[in-house]
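Chain lettering (A, B, C, D and E) follows the sequence in which the chains are written, and residue indices restart at 1 in each chain.
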Amino acid sequence: MTTEQTSLDASHARTISDELVIEGRKLVKRYGHVVALDETDFEIRKGEVLAVIGDNGAGKSSLIQCLAGAVQPDEGELLIEGREAHLRSPVEARRLGIETVFQSLAVSPALDVASNIFLGREIRRKGIAGSVFRMLDKKRMRQEALGAMGELGLSTLQNVGQAVETLSGGQRQGVAVARAAAFGSKVVILDEPTAALGVKESGRVVKLIKDINSRGIPVVLISHNMPQIFEVADRVHIQRLGKRIALVETSQIDMADAVALMVGAKTPAQLGLESS
Amino acid sequence: MTTEQTSLDASHARTISDELVIEGRKLVKRYGHVVALDETDFEIRKGEVLAVIGDNGAGKSSLIQCLAGAVQPDEGELLIEGREAHLRSPVEARRLGIETVFQSLAVSPALDVASNIFLGREIRRKGIAGSVFRMLDKKRMRQEALGAMGELGLSTLQNVGQAVETLSGGQRQGVAVARAAAFGSKVVILDEPTAALGVKESGRVVKLIKDINSRGIPVVLISHNMPQIFEVADRVHIQRLGKRIALVETSQIDMADAVALMVGAKTPAQLGLESS
Amino acid sequence: NAAASSNSGEPLVGLVIKTQDNPFYVKMTEGAKAEAEELGYNLQVASGDGQSDVDSQIKAIENFTAQGAKAILVTPAGDGIIPAIQKAQQAGILVFAMDSPLGAASGIDGTFATDNLLAGQLVGEWAKEALGSTPARIATLDLSTDQIPVDVARNQGFLEGFGIDTADPTKMWDETDPRLVGHEVTDANEAGGRTGMEKLLQKDPTINLVYTINEPTAAGAYQAVQAAGLQDQITIVSVDGGCPGVKNVQQGIIAATSMQFPLEMSKQALQAVKAYLDDGTKPQNSEGLDFTNTGVTLVTDKPQDGIESEDTTWGLDQCWG
Amino acid sequence: MNISATDRQKDESPAVPAPKSPMGLVEIDSGRLTPLQWIERRMLSRPLIGPIAVLVLALIVFSIVSPNFGTLQNFSLILQQVQVIAMLGIAQTLVILTAGIDLSVASIMLLAQVVMGKLAVAVGLPVELALVLGILVGVACGAVNGLIVTRLNIPPFIATLGTLSIFYALNLFISDGESVPYAEVPPLFNWLGQGFQVFGTTFTFGQLLTILMFVLFAYILRSTAWGMHIYAVGDNLEAARLSGIRVNRVLMSVYIVAGLIIGVTAWLLIGRIGSISPTAGASYNLASITAVVIGGTSLFGGRGRIMGTLLGAVIVGVFSSGLSLAGFDNLWQEFTIGLLIIGAVAVDQRLRKIGR
Amino acid sequence: MNISATDRQKDESPAVPAPKSPMGLVEIDSGRLTPLQWIERRMLSRPLIGPIAVLVLALIVFSIVSPNFGTLQNFSLILQQVQVIAMLGIAQTLVILTAGIDLSVASIMLLAQVVMGKLAVAVGLPVELALVLGILVGVACGAVNGLIVTRLNIPPFIATLGTLSIFYALNLFISDGESVPYAEVPPLFNWLGQGFQVFGTTFTFGQLLTILMFVLFAYILRSTAWGMHIYAVGDNLEAARLSGIRVNRVLMSVYIVAGLIIGVTAWLLIGRIGSISPTAGASYNLASITAVVIGGTSLFGGRGRIMGTLLGAVIVGVFSSGLSLAGFDNLWQEFTIGLLIIGAVAVDQRLRKIGR
């Protein structure tokens, strides 16, 4: 596949090119004597939805934390659009357009929903109120936050001025997802974004992923929900014991095989896949 | 149904009686101006698996927190085996044999896995070392913890002497579930126990729920995973906007209708259910 | 210079002061260092952490004992240090008290101190004369609620000198004389002096005489007096004799102060150490006192008849700091 | 269902009307409140309600007990008495909002003040330059604290427990423990102690500066991104970091700005006491924390209001003045301030619980 | 794959062999370590490695600098000098492990001590009874702190900032600021200051008691359920509560036991200074926290070792003694202790990072 391909799914029209947006080579991350990432590779192409699956503790979160600048790999290199990058903090990743929903959610409990969504890139007032007195435009931030939350269909949220600590588990996850969706420009990474969400809200998130992707933005999705993955992802990255053991097109593998690989019941060789 | 019924599923042999283990009547819980529980009812029968479903923010966690003594309802009454009970703390609920996995997990990050599993009911050494010097039997607790974790198939866990904060999200959830499973005697309540778990581990939890239940212990399961619920639950409690809008046998409703009720697309009356 | 010269050949003399944030002890230390150099002693200094920090002083005495000091000079923060002193004496070390007496019962080898009671009396007597026939409205700005001996001696001396019945002379604030308007504690610094004075004036704006525990307190009190525009009505007296204090006397901020002589104190004490080490003679107490009085002099530019005093020109020449 | 819009407000800006949820499921019943209920809710949900209640109560009681207490003159005096602690309290509040604590504020102030005095009086630099350099010493000390916290990763309590001693020792070393007397203090240094008359009562420029600083920092904390980031860092450091806030930069800036405020407070202190003293206000470390705490700011970070600190400082001043006028000994004043700390925080918590 | 068994140990008990995972997927490579690597890992993963390193380094340096330093006599002396702070440190450690802090330890000690003296000397009660009642005053003060923390829900820093003043004022009120002189102190009160000779060096019963108390509480914290619950409560209060721990009961018991230890320390203090003084050791509040902190216990609760506190207290004593023997002025001693606090904690953190 060296030419651009166009998805057959019309409602999901977009182009996937061979160009890599992010590439990780032989990434290693150790925690004391625990090896969370063991020379794992990673790649995501322009325009695609990549699912990362793997057992609990396989190193999925550790991997995306490296991509998001939240932790620094001990070894290996990271290339962003072909150029070597050292992400020393989440700020740098964000500046490069990489937006992440962490498994731990990373929301500030005492701040309200709107402040959380705009944290770190607040909107200032127009005119001298904003430029000289650096005054925030709270009204506008609230309105936009309301819109972003509404997209997710979190209808029970009563007030975007409400502190995040008073939200239910699912509402909280909604805040994190809404933030990433609103700002992602180069890549959006979601670590188990639907874990605490209800059926309807999960559906909304899947739709949101498609929306983001149809804007041409590649998405990395970590999830334990296989049907969801096979609905939305173009390729699956299978992580096992700190390594990527396979990277396959969703069209070329079925769910049962993917799970079998993930838990170690089958090897890539058995399925005729080159061990990536 | 006034007579005892025996499950048809042979591998899952157990009896469900009409006797209620826990009953909640018109429970109300307010947080400031937010009404989390709005005169909701609740019941679970001896020997059954009851699923609680509902949208994010519907009040599921608030409800089971009342049953577990973690919060006190503002109004309404709670009956345990027919007698009125006021659970002023989780300790009291535990003493009555109600064991809970909270959505927030409730594990102590700096303590190791074994200590977490036995927290609050540590095992002391035999002989005077235990009775006079009150010495803990750490070795035995570690061994038993290892067994409990093994049951869940969390094979990547490297050491039960490891601090919980160094575990992955799923491993952490495993610790909480293992604890409840090991100690539950009257009721086991699980608030989204598989949210962070992988496919295999989720399967193990479903099996564990069946195991617990086959010992005659009723289980309350909160989950957004419909197939899982319909696999394991006898009845479904549908929570919506702080109220129980329906309580039905899983055999008498299909998945689509349950979801429709939950999100408000259909009303119980439309489905011919008495609004409970 | 961080480390003191450690001429290990010279006999070690330890000086234990109360605190290093008070220029009185800083000067005492300087005087002792100069005199020790003269006499060929290795002088080392240790300090407590406040007016009543007994524990640090015990530590310091133990450490000097362990180092084999020949003599220890200590400004006692309380009689809690007596057992430590006795242990040092048992080890054959000469121990003198400086600045405030410990009492004869302590078995101390000698004491070189300001007569703080007298220091208070001098300003008290001067104030009585200065006020003349004006009915007195008196306030005192003391150090702390802890009833520290120096604090008590100066306060009670002042009242005695003014002719007020001090009731129990070992206690402040148990007096019932109607001329006494009130008192506040100040931590003996400017901020405490000002706030204390403001509170007292709020309570009773007719105050016309203020005794202060030391000159920084007096300086702070004056700020409050000036802000209230009462500088012509109120006379402030103090005790100490530091140079900033004497300058304030010169400016008329403080009307009179009792000067003490820390440099003299160190000098006399070290000479007594030499006398003992040379031929075993111990110092004699001043007449009628259980310590060697190292002198107090009243300094004021408004001398009163029958009361001996020096002016600020003399004071600036003699002051410390 | 009867879910009403929550009135919880994170700031003092006018309430934004509770938005209708996109699915229209939420009923809003604020319209159904009686005006009294409305006022009650509005007032009780304010974070400053606790300190205000304590202050009003104290003012009433002391005014009844002592006739000299309730005068404008006395209020001005009380404000002068607490202005230094209140200003240190601004610096302390900034640090505490980031979930830190600064035990060294008083040491920094003394050091900055003594440097000003040394440079102007002993070295003979121009007074303006000495003043600026003194304030910069405050900034430098703040930066040292900030570096220890952010680079060495040492908890602020420990870092400032260390620098408390270090800065105090430097202060004594430079000053030799000696004050610069009033007559030698340059007038510029004393300027903030100068006053003007309003309604026959004296107010000082220092008081004015203190109030202005509170207004300024209330604005900054409430309405700028930097202020928001301070709350976010204190609320959950890791979440703030992952949200793309440069947490170390925010922390550094907070310690540096705190140092700047403390440097200015050194100037204020000179104006207040008239001389330059190496020991005046050494006890203000804990006093500034007390003001913050009584003002309702959480020591765990992320929650609190700068105006609470002003109230907290004033409350302590009111008690100290009121008790003294009522004839209580210093011993019992100390005792009562102890009770006050506990009581004020207890009242604050109780009221907020009702208010939600 | 090369995942090795983690050596992370939560306590000092002999290492439990890393269990094979039930699925046998985990390789254990400890066997492949050279003995040196093994020792290195084992040592570095210990929580006490930081304080021990600092202590050893200080001992070596000071022994070289001053010939008088490295004697058994001097070590005994240092231990006597720090015993009171170390004992208060036990109480402080218990409280800090629950994520609290006790600013009032010294005030409680002084109050207990003064009550003992008053009852025995002025009231004339039997000495044994006076002693017990004095210790009970410590217990009562601890209970007051505990009640304020658990019933009024006031953070420990604030609660004890309040009681610090309250207990100190009571102490001055009861004693009238006066000491009971050496000659009037009953021998029983002084007993812990008595000594015995070993190898020509004097040791005191107080030292012995201090060491015994450390051993006792190290055992309790490590090997009993109560100890485990203290860690759990400090680690995450809400999780502990939901796990079925009676958190308020644990907190109350900690403050009460702390009060008991402080009561006993009052007895130790009398033995140490020979008289009963209402002001001796008022500075020990921060000193006891310093010992805990240098000993590597986290101020955020849930992590730390009681033996670290002993090491912390001894380290401060060694520095103070060593610097004084080396002829440093107190000014520079204070400066150096400030650096020590920061340096010791920085070293501790660095070593632990390597050790993992």
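By our rule, a residue touches a chain if its C-beta (ideal position, glycine included) is under 8 Å from a C-beta of that chain, and two chains touch if they have at least 3 such contacts.
These figures come from a predicted structure and were not determined experimentally.
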### Neighbouring chains common to subunit C and subunit D, by label
E
### Message
Report the chain whose CA-based centre is farthest from the CA-based centre of subunit E.
### Response
A
### Task
Tell me, please, which chain's centre (mean of its C-alpha atoms) is farthest from the centre of subunit B?
C
### Summary
Per the C-alpha centroid definition, the whole-Å distance linking subunit D and subunit E comes out as 32
### Intercentroid distance (Cα basis), subunit D paired with subunit B, Å
47
### Computed distance of Cα centres, subunit E from subunit C, in Å
37
### Task
State, to the nearest whole Å, the distance from the C-alpha centre of subunit A to the C-alpha centre of subunit C.
73
### Task
Would you please write down the residue numbers of subunit D that are in contact with two or more other chains?
3, 5-6, 8, 25, 172, 331, 334
### Query
Counting only residues that touch at least 2 other chains, which ones in subunit C make the list?
20, 145
### Task
For subunit B, jot down the residues that touch at least 2 other chains.
31-32, 34, 104, 155-158, 166, 241
### Summary
Touching subunit E in the complex, subunit C uses residues 2-6, 20, 44-47, 49-50, 52-55, 58-60, 62-63, 66-68, 77-84, 105, 145-148, 170-171
### subunit C-facing residues of subunit E, complex
68, 71, 73-74, 77, 80-81, 84, 169, 172, 176-179, 181-183, 193, 272-275, 277-284, 320-321, 324-332
### Task
Would you pull the subunit A residues touching subunit B in the complex into a rising list?
31-32, 34, 54-58, 61, 103-104, 154-158, 166-171, 174, 192, 195-202, 224, 226, 241, 259, 262-263
### Summary
Within the complex, subunit D is touched by subunit E residues 148, 152-155, 157-159, 161-166, 168-170, 172-173, 286, 289-290, 293, 298-300, 331-332, 334-335, 337-342, 345-346, 349
### Task
Under the touch definition given earlier, write down the residues of subunit E that touch subunit B in their complex.
3, 5-6, 8-10, 13, 16, 18-19, 21-23, 25-26, 219, 223-226, 228-229, 231-232, 235-236, 238-246, 302-303
